[in-house]
Amino acid sequence: MFSWSTIVENLPYLLQATRFTLLVSGLGMGLGLVMGMVLCVARLSPIRWISRIAALYVSFFRGVPLLVQLLLAYYFLPSIGIDIPPLWAAVCSIGLCAAAYIAEILRGALIAVPHGQAEAAAALGMHPFTIWKRILIPQALKISMPSLVNELIMLVKVSSLVSAVGIVELTRMSQSISAATFRPLEIYIAAAAIYLVINLALAGLGQALEKRLDY
Amino acid sequence: MKMYSFKGAVLGLGLAVFAAGSAAADMLADIKASGEMTFGTEMHYAPFDLLVNGQYEGLCKDLMDEVTKDLGVTPKYNDLPWTSVLPGLEAGKFQMVNAPVTITAERMERYSFTLPIADASVGLIKRTGDDRITKPEDIAGLVVGSQKGSAQLEQLKVFGEGVGGIDVREYSSVDEAYADLAAGRLDAVAGSFPLLGYAASKRPEIFETVTPVFGEKKYFAWVAVKSEETESMIAAVNEILLNMQDDGRMAKLHEKWLGTAVELPREMPAVK
Amino acid sequence: MDIDLFVQYGPMLLRGLLNTVLCWIVGAAGGIALGFVIAVAMYYGPRPLRYVLRGYIEVIRGTPFLIQLFILYYGGPNIGLRLDPVPAGILGLIIYGSPYYAEIFRAGLQAVPRGMIEAGRAMAMSEGKILRRITLPILMVSSVPPLTNFSIILTKETAILSIVTVPELLYQVQTMSAETFAYMEAMFALALFYWGFVEVISWAGRKLEHKTNAFLSKELSA
């Protein structure tokens, strides 16, 4: 017997926890995008050791499960004298991990920007920084928008892992309510609906941005 | 403030070596000085620890509220998945685990336990109306689930051998075992009896307890890191727990959450 | 770090890794196949079918795998779908991966230059031959890097199969840490096994990329 009342009664608590899902994934996204751009530039750097370090970073953060990264940041770093509050451990882990994927997405897109454009700009005497800012990055962003949105949707979903450091986000709250009401199916279906709304909004935003970058 | 920690060093590709470190300090003195005592638990063990309308409730909370009141400090509770609770304790993220932890010999080697706070004997629940199981021995040859790594799982395995073999399935959390009992893949779930009784009282149309309990007598208690620094804290908590047994607060809270009050040992029970 | 633990639990951990790899191979292969069918159906199919598939993609992509798998495994019996842990886990992975793979193929199909297909028609190639000799080879080449990328992401999702008691790596590691309290060791075991696994996949992906590129240049010049 599907119990709608269980969903209705617990919806406020699910929404309350959703705030943390949004907060952690929002801040993680910001950090991931910034770090991802830096990493992408580093990977394409002509200086060997810089690109090597960036490649190692990508390999580590893509290879090691996020849950392990998170536990290391929160439970292992204190033992070598670095103590980070839970929210920052969560945001940093998610952001640094997302950066590895975002860097790869941007790199793929940059390779697709025709070479001649940067060369033409350089010939016109544009500063390399300006070339990145005005020519390469805007185009790479446009090309990579669908993959980036995909990655951001992924990030919202993996933000459930931050419960491991004590942040009660949407998935965690659903598990807690299920454990107290013994009605997991109803609660999980409600949680799935909330995730879906967030991610559809993200996808819509991505499409709108893609149109705006169409100049 | 780090009472006990893993002194770690990063070697090569992230391999780490760690050993127990120590700092001369007294946790109880710290707690009294700061006026705050920090706890970690998983709020998924109704009726011990649970979230009701988003608020932390349960026997362990009520008991600990009393303990900290007597100590004159404010409790601060953290909700963590069980796999993070003991690592969090060891990393010094909080001072005590106020989840119901079954006292076992292996765990006593690694952690300091308080005096028992409740009975943890292992029992069974089945699907309501399943006539095949009327007493624990009837699970012979059936499929029974339990939580991985729990003391109750060990008891179930021993019991299973005694009755001629059962098909034991291990779950990451007891919640999933309940879900699989409801889904019909399991014939019964073994766990500590108070937990099962609560599940049966919440969903009587699905779950029904099987009496009596079986196996060795087991107790729940709270744990802290095993070190000199926590000795005075454990002693202070134990003293308050005994007072609560004497003045009837313990019995009252047991009745509130478990329906009945049981006699608890006044000293650390012997464990094999 | 207690090295003896790895000796004691080694066989169990390796069995877990083997199960992880097997579930991943079948799950990813199935997801790629289903994703391909969806992409083709969306590209060539009638409009109502496209709407239905778009809805499927958005719903599956927008919800976490943990919740999907929980509902499939524990909720399935309510509607008569009773699966064992491993089949449920693999089916879950196939369903979860299919929309991502479908989107990759869809983008790939759209990227095939129209001019090349028209050139094929002008040379009186049959539609089947155009598909075989032009569309598919180009699709293959452009899809390999994103396919690798998502398949790597899917390796991490296999850890979620532990909630339905599939004895994969995380499940075995949890057993080890629950029995011995060796949480540090458990974390390092997870980190190393997954890192190694992912590196092997990336390497294979790069090899495949070179192979398909070589194949394409040979095909086009032939």
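Chains here go by letter, A, B and C, matching the order in which they are written, and residues are numbered from 1 within each.
Simple rule for what comes next: a contact is a pair of C-beta atoms (placed from the backbone, for glycine too) under 8 Å apart; a residue touches a chain by one contact, two chains touch by 3 or more.
Keep in mind that what you see is a predicted model, and the values were worked out from it rather than measured.
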Legend entry - Graph class of chain-chain contacts, one of line, ring, star, complete, other: complete
Legend entry - Pair joined by the larger number of C-beta contacts - B-C, A-B: A-B
Legend entry - Mean-CA-position distance for chain C and chain A (Å): 20
Inset, instruction - Find the geometric centre of each of chain B and chain C from their Cα atoms only, then give the gap between the two centres in Å, rounded to an integer. - result: 39
Inset, instruction - Could you give the separation in Å between the centres of chain A and chain B, each centre being the mean of its C-alpha atoms? - result: 36
Legend entry - chain A, residues touching no fewer than two other chains: 71, 75-76, 184
Inset, instruction - Mark out which residues of chain B touch at least two other chains, giving numbers and ranges. - result: 6, 16, 18, 83, 87, 90, 179
Inset, instruction - Give the residues of chain C that touch two or more other chains, as numbers and ranges in rising order. - result: 70, 74-75, 78, 183-184, 191
Inset, instruction - Name, in rising order, each residue of chain C that touches chain B in their complex. - result: 1, 70, 73-78, 82, 162-165, 171, 174-175, 177-179, 181, 183-184, 188, 191
Legend entry - chain C-touching residues of chain A, taken from the complex the two chains share: 59-60, 62-68, 71-72, 75-76, 101, 104, 108, 146-147, 150, 153-154, 157, 160, 171, 174, 184-185, 188-189, 191-192, 195-196, 198-200, 203
Inset, instruction - Would you pull the chain B residues touching chain C in the complex into a rising list? - result: 6, 14-18, 83, 86-87, 90, 107, 110, 148-150, 169-172, 176, 179-180, 182-185
Inset, instruction - Could you pull out which chain A residues touch chain B in their complex? - result: 12-13, 16, 71, 74-76, 78-80, 163-166, 168, 172-173, 175-184
Inset, instruction - Using the touch definition up top, name the residues of chain B that touch chain A in the complex. - result: 2, 5-10, 16, 18, 21, 40, 43-46, 50-54, 78-81, 83-84, 87-88, 90-93, 175, 178-179, 199, 202-203, 206-207
